[in-house]
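What follows is a group of structures, each given as structure tokens.
Both complexes below contain subunit A, partnered by subunit B and then by subunit C.
Moving on to the complex of A and B:
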């Protein structure tokens, strides 16, 4: 609902929004322009436009490999999260609602320790012995799972609280559904929004994660951010094309998720 | 033998007793109400009957079969929740058909039964809508249809009208009663609204602090409350202690006395002198607060015309119907 407000106030409010957008978009626009420039050093505007940096990037097998590996690690971690957190959330909220307070503290633990510190711990723990996983994607999947935990837990919890889980489960069971049928046919479809938000948030965060990837696997299993770091001494145009490609990928993913998430009505 | 028989039912949560030794019997086709204030155990009793809450001990017999060992799925009970509990991802038709889907009823039969109950609750035109596209009253009718379509042996209604506004509530309670009579369905209705209970029920079980304090038809409960709680909960009884009652009636009274506000009449030349302290208009009734012999009484008078109104501070005479005096424990 819009409120009546004087023209000057409206103009001021719009100005604040436009300036904020400008501030956010300016570095991105600069990077985009730089990624399309043939060269841009001694002039205000680029000397010419080209897509050769994008062609070079998308034909670089190392980049494609890093991109694929990043995708694999992120998707692996998210699948693990969904498989473990959904049943956990269901059990906590349906059978042991009092545990929610404890869970809220537990899920924040991955953020209580700085990534550099926990990386050192993980290196010690999984560097040797029967669980030697350092340098393999498995340690990254496990680590990313804990990082995704708070995003997943909070977003799905909000969704669960909004749907009145207990009454829905009770109603379904009285109508003859088993606990599994009630959870699968009634509860799960209603968690679609929360789940997609959680997945999107986690994916965007994990896809751009650098510290764990660099310290735990480095070049032995190069992810996109590690690749970007390793290419820092190459052409700035090339790196800009990489950043813009990364940004566009996340943007398209967000758009697709939003499309999927629209109400049927 | 009664159709529903609750015997010596006990339930406690974390050491605190919800109810202890509950016994009640309901006949086939009866519409009974569990009435009582919040926290008296009425909803827990309903959930125990449905199988959604485990009982500590006791029996719940439905048509001779003990329900206690059975899961909710196997009890053959339909239930309507205060929150409607409609499945948001399903249309009205899919919601109603859910129980039949679980029973693996053939599509053709399912469709005709769904249509039949939707016609019963007058919602056949909204079959393709989603719950968020319906009003509260429509949602509750869908919930009712959903619980009826499986042809339950017993229907449980857990404060189904509490979330609705007054006009819709009135319409829906008539609809519920008509459907229940039409189908001859044994129904247990839970409410804290005494008016709703009095209008709808064949019999009322009045509950307080985990006990059934009185049961009977609406008239019995209204005219002969068993104790001070019943008198205070049903209607707006004047509840007088023995001293006040003796002073008012000018004869010795040994126990507490309950007098219905409408059993006292106001006139200009009655046997008891009083002073109007305040009055409030309740639509068709005017409720006076009158002081007589140092006792404050509520007096309900039919609002016939504004000319009959007794202003605050006016001296009036009161007459109390002696048959309406009710001694309570």
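Moving on to the complex of A and C:
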């Protein structure tokens, strides 16, 4: 290899990137085509194109209901996460910096304990008794808080480190603000953008959560992923329209997060 | 009590809601599983575990889980290495686009992904038909172990790229130039400089992919309606199935899964400490 890369090396790298892109695109492109096909069997390309599957999907009350319930659960979980994690981070970083090491171990737990394991305990503990939550959206909101925790904690920590929490607090207090005022009126606005990015990205992966939703709640409060799984026996075209609609929704969210992130830097 | 310590107590009070929720939804379920995994009809003991290891069925589930995780992580990381290395060497527009796209497809997992694969590679899938007609393959069964490995590999690739792309920062361009000036060829450069520098990052990514595949439930459940024998499917069937419920046995299986995941997490943390960080 010479220093100014020869054309063949450049070509190789471009080729690899294109292959990677095609590999990732293929299942999506196939599903998209299938969702737009009138019928598609025993041939390489579909026989005709139509949007009737999308019309059927978006006028199905059960789908709209599941979509709305998914939105509610995810938004609820994110509100809960912010309410619990922001004070925690503030207290840890401002008052007890040494707790950060402990927190970094604790937030590994949701990662090391797969949802299917937690579900075993959750089903037994909250199936009956004083905290009977199985089958209600409340248990999902609580579980989704633990799912979002590691990501939110890391993302907001990075933001806090970038804004020099201590200097900001000291300056605000020097000017006569109480700790509470300084945290709310000075630190919080500075975290706004980073927080929004973290929320958008958390939303996009919570929206795709299936294990807790299916095992703990199922059809009693049907979310989008559970609905999708329960529709397995309906038309493949209908299902494809569902998959594509879901992916486009998540795509818009992640795209928005990416844009926000770029503006920041 | 002076104002300073009162402030600290108030601050500790702010931690309380978080502690309660974390306890209820994370610690308590795990503790329940841990306690009940060592409880059998006769009292405390390892009966559940010996039941698991004496059963061909459960041994097969563990073996399937390990095999699928290992191969999908290996294929996933090889593709991710080739991909992210090349990504760094193409022009920035193509790079940013493919990077963003890989980021987005990392959310394309679970049920929707299984459905997409059924449409493409199922018995009557478009790609299966195409490959059959051209005579490249005789038959392909997506619902088998090799089918699952392909499916898992697909969701490992975006995660692998996401984790590995920054790792290549550690390789400085001038090292390669120096090696070349000193007469090393490409193979020698990779063998003595490139790979040793990247090894901790590569292994770290590999174990994350392993954990990702070991715990995966949604994809395999949606693909086979719970008929393929892997560890997460067995656990779920014992607490939410239609036939035989046995939460204690489920707990034992769950602890085996947690044990595997903990091992993986510990190895990752250890590797993270050893990895080479380039000074900026």
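Going forward, the second predicted complex is superposed on the first by the 245 of 265 C-alpha atoms of A that agree within 3 Å, B and C clash if a C-alpha of one lies under 4 Å from a C-alpha of the other, contacts with A are read in each partner's own complex, and residues count from 1 in each chain.
Definition applied: a residue touches a chain if its C-beta (ideal position, glycine included) is under 8 Å from a C-beta of that chain, and two chains touch if they have at least 3 such contacts.
Note that the structure is predicted; figures quoted are calculated from it, not measured.
After superposition onto subunit A, partners subunit B and subunit C are found to sit side by side with no clash.
By the touch criterion defined above, A:71 reaches neither subunit B nor subunit C. Counted by residues of subunit A touched, the larger count belongs to C, out of subunit B and subunit C. Vertex at subunit A: the C-alpha centres of subunit B and subunit C lie 90° apart in angle, rounded to steps of 10. Within the superposed three-chain model, A:82 lies out of touch with both subunit B and subunit C [touch as defined at top]. By the touch criterion stated above, A:175 is placed in contact with subunit B alone, subunit C being left untouched.
In the superposed model, A:56 makes contact with neither subunit B nor subunit C. With both structures placed on the common chain, the touch criterion links A:247 to subunit C but leaves subunit B unconnected. When both complexes are overlaid on chain A, the residue A:186 reaches subunit B alone and has no touch with subunit C. When the two structures are aligned on the shared chain, A:167 is found in touch with subunit B, with no touch to subunit C.
When the two structures are aligned on their common chain, the gap between the nearest CA atoms of subunit B and subunit C comes to 8 Å.
Every residue of subunit B that touches subunit A in the complex is listed here, in rising order: 50-52, 71-73, 75, 77-79, 81, 83, 85-89, 98-99, 102-103, 130, 132-133, 143, 146-147, 150. Listing the residues of subunit A that touch subunit C in their complex gives 1, 3, 5, 9-10, 12-14, 16-17, 20-21, 23-28, 30-31, 33-34, 40-44, 80, 83-85, 87-88, 90-91, 94-96, 106, 108-125, 131, 142-143, 145-146, 149, 179, 204-205, 208, 210-211, 214-215, 225, 228-229, 232, 236, 239-240, 243, 246-247, 250-251, 254-255, 258. On the side of subunit C, the complex with subunit A involves touching residues 7-8, 11-12, 14-15, 17-18, 21-22, 24-33, 36, 79, 82-83, 86-87, 89-90, 94-95, 98, 100-105, 107-113, 115-120, 124, 126-127, 129-130, 133, 154, 157-158, 161, 177, 180, 186, 211, 214-215, 217-218, 221-222, 225, 232, 235-236, 238-240, 247, 250-251, 254, 257-258, 261-262, 264-265, 269. The part of subunit A that touches subunit B in the complex is made up of residues 163-164, 167-168, 170-178, 181, 185-186, 189-190, 192, 264-265.
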